[in-house]
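Chain IDs A, B and C follow the sequence of writing; residue 1 opens each chain.
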């Protein structure tokens, strides 16, 4: 086996040194009746070339070379080449959690820079080293608000990513935290009157997403006012990190739960991604996840360590702020490098391109079909309502090697034939025109069909 | 470090000094020594009730957390504001770096606590 | 240094500031293509929601970024540099072909919501890996959704709770041995269970008599790591399982130490009802400085209805699909399907090994741990003489007499060119040195490690201060963790 660095002679010599007759001696603590005396039924040992071939085939079966209008919490942005060059360095790739600070300064300083940049972009005072993803970050942020306020109930906007809401439901269920959901308005934003009614003196927090699942930017100031008036915290989920380049961050929030996948992380069929929690300094001791902090060594030299570890499971055990241990460090490093590459100016220009592509696409689609939620500003997603089932329309668009917008019936049956479309800087005008063309054709044939029916009515 | 004889002590290593119907509470020199460098103290708010033998807060070093157990029951009247910014004061002088002052519910509760001599004996036996 | 170390040498480390300190206006590492659609007025589109300024984000060029992160990387230790014997962390070689296949276009760029007909490759990977893991564990059904080991524990206990609920009541307690990893009690608390400690016996194993006394109808499950954190196989595992099952309880296995078992024994065969695996330990996916991981949860048939949604199924037309119609499911624990990139890597590892390679891997891991044990016995105190599997736990009892603790020994080991072992864990061994070499170490590296540990033990006798002041060879000396925790500085600010 090519990963194993021992010759038969080495093994023999080692057994001899130990004083064992055979390797089986070392497995004697396992009761004989349970020992596996046969080969595992897994595929035979493959050569590297065979492994590459096997996965190449899987890659081909997985829609490579398709253009796509899918977003909904997983965004296709360009990934600068140097991200993978740098994260492939063995010193980053094959290091453990930086518990031994003196030989982990690379990882620790990188985390410190990551935390700093997340703070700059979100307007928060502290950020952690990462959470699993945006959905678990949102759920953990809500649990954090429950601890800070000592209150039990949670109010969630229906315009939060449906799978994020599902995860929160799973987390909250066994802690008996009552959840209530507030509907959205015609402009896609949370219904403020409904929110006002839902928030009570027992509300730990209000959870919204902005830009929300439909791409609409929420009026976070208004939401914050309603929450704070009743002593509840405001938790804002941000799933499309690139929006932070051009959309004012929710500075009135008490906790921000982010998905940073947009910053240089491959779509990868849903993961690994990079969740982050950011908050105000006063709440830091209730925050889950690792934190890197600056300090000095014995000679006064600047260095970094993992700090405030008493919040964590390895010290506080059942009283910890969370059970999280392994996080998404290497993915956070991708995010870090991406933020460094685009920086202060590039991130804004990048976001602006997303805005432009989306504005163009929305205008093209709205010529033929109904654009929902037009009353509020949006970032790079929009919802189109068609006369025909979007699944059928998408299957025709797929013929052009383009994946159409996400049909919403599964998540929002009340929206009928609606689908969620996303444009990024990578979306081409020609793909937009092609997709809009198919939608236009669909609308024309539906109305032609209708006319035909009308004519038949008259004839009959 | 001598243990003041006008204080009473618990087996969980808190001290309490009564002054009529009010009392001052802190942790012992031995407690700070075994914890090491103290980095954070979590204390109750003024006005909250604490109950004898129950936890009322916690004290943290870099890699450990210890619960604080109330030596007596009462209402918190004052919290030492210095400890929020300078928890190291406890390491420097645990017997003057008090944590909370309370209005005692029942001053008689203190009778069952350890005297300085008993506490010193207890610490010697424990280690 | 008493003996010249044969492994390590010094090399020049470049100094490097924070990225913010290299920034100046007008530098850029990015370039966007020209827009193929009309420009927009962002103020008109966004109104008051428009962001005007990005604060103190850096502005630097590409070569500066390459140098910045490359320099930082040289301050790290890594498996690629040498032995990384952290106990219960399984720091094994991370094969490079894994990194190549995960970047193949269709896998790297696959969107989680793309239609099923063009997701067959990803679904096939999920299914093939699931099948392999079920065969390796001897379990009946599996979810790959959890993002890490602790997340797997959460998922597993949610299913335990749902199972008991379906029988009438969720029960109240989880039993956890005193040698357990901190995630176990933290997870139990998150699922709303009380934690009851279970004392280990003199051999470092579960005390079967204590278990019998503590087991009752209030106990939902026992969370057991096997081999446990002492590296000891629970020899009375069949009794443990019987005791749990007799009172309607379940046996949860923390699979952190599965690297001692693959191909030699299957948890499903010795009575485990639910367990998680760590793909970032046993199945070679890189730790990446703390993550990402992946924590699949495998269960017996009785728990299958409660698996998180969705699950991959074979459809009547022979293609694969995702099934969301699962009325008894505990729900979702994460958006989408889990850390798919880790599935690809883990499967590539299994394919590279095959059944013979997997078994040999386990045998070598156990051989290496026992070789170290033999080499250091007598030099360091061995608190439990029970046979070791894939890791061995010593204590600093002998060295503590000179005032030298496990962390000091660990810091000194750095000077000898090794990453330290796990310090001060498990909690049942005061001053623990928990050593897991994994199968990836050649005999030469193990010999150097034993030599280094012996040399340090001699230094403790002759010149303890050298050990207490270690490390001496690193870019920074011991860092002030107290100051870091008292006055936390968690971000850079201009002028700081």
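Quick note on the criterion: a contact is a pair of C-beta atoms (placed from the backbone, for glycine too) under 8 Å apart; a residue touches a chain by one contact, two chains touch by 3 or more.
Every value quoted in this text rests on a predicted model; they were computed, and no experiment measured them.
Asker: Indicate, using Cα centroids, the chain positioned nearest the centre of all protein chains shown.
Answerer: Taking the mean of C-alpha atoms per chain, the most central one is C.
Asker: Can you check which chain pair, A-C or B-C, has more C-beta pairs in contact?
Answerer: A-C
Asker: Counting in whole Å, what is the centre-to-centre distance of subunit A and subunit B, each centre being its mean C-alpha position?
Answerer: Taking the mean C-alpha position of each chain, the two centres sit 46 Å apart.
Asker: Using the average of all C-alpha atoms in each chain as its centre, how far is it in Å between subunit A and subunit C?
Answerer: 21
Asker: How big is the gap, in whole Å, between where the Cα atoms of subunit B centre and where those of subunit C centre?
Answerer: 39
Asker: Residues of subunit C that touch two or more other chains: which are they?
Answerer: In subunit C, 481, 485 touch at least two other chains.
Asker: Using the touch rule from the top of the page, what residues of subunit A touch 2 or more other chains?
Answerer: Within subunit A, the residues that touch at least two other chains are 309-310, 315-316, 319.
Asker: Mind pulling the residue numbers of subunit B that touch at least two other chains?
Answerer: As it turns out, subunit B has residues touching two or more other chains at 40, 60, 62.
Asker: Can you list the residues on subunit B that touch subunit A in the complex?
Answerer: 40, 42, 60, 62-65
Asker: Would you mind writing out the residues of subunit C in touch with subunit B in their complex?
Answerer: 481-482, 485-486
Asker: How about subunit A: which of its residues touch subunit B in the complex?
Answerer: Where subunit A meets subunit B, its residues are 285, 309-310, 315-316, 319.
Asker: Within their complex, state which residues of subunit B touch subunit C.
Answerer: 37, 39-40, 60-62, 87-88
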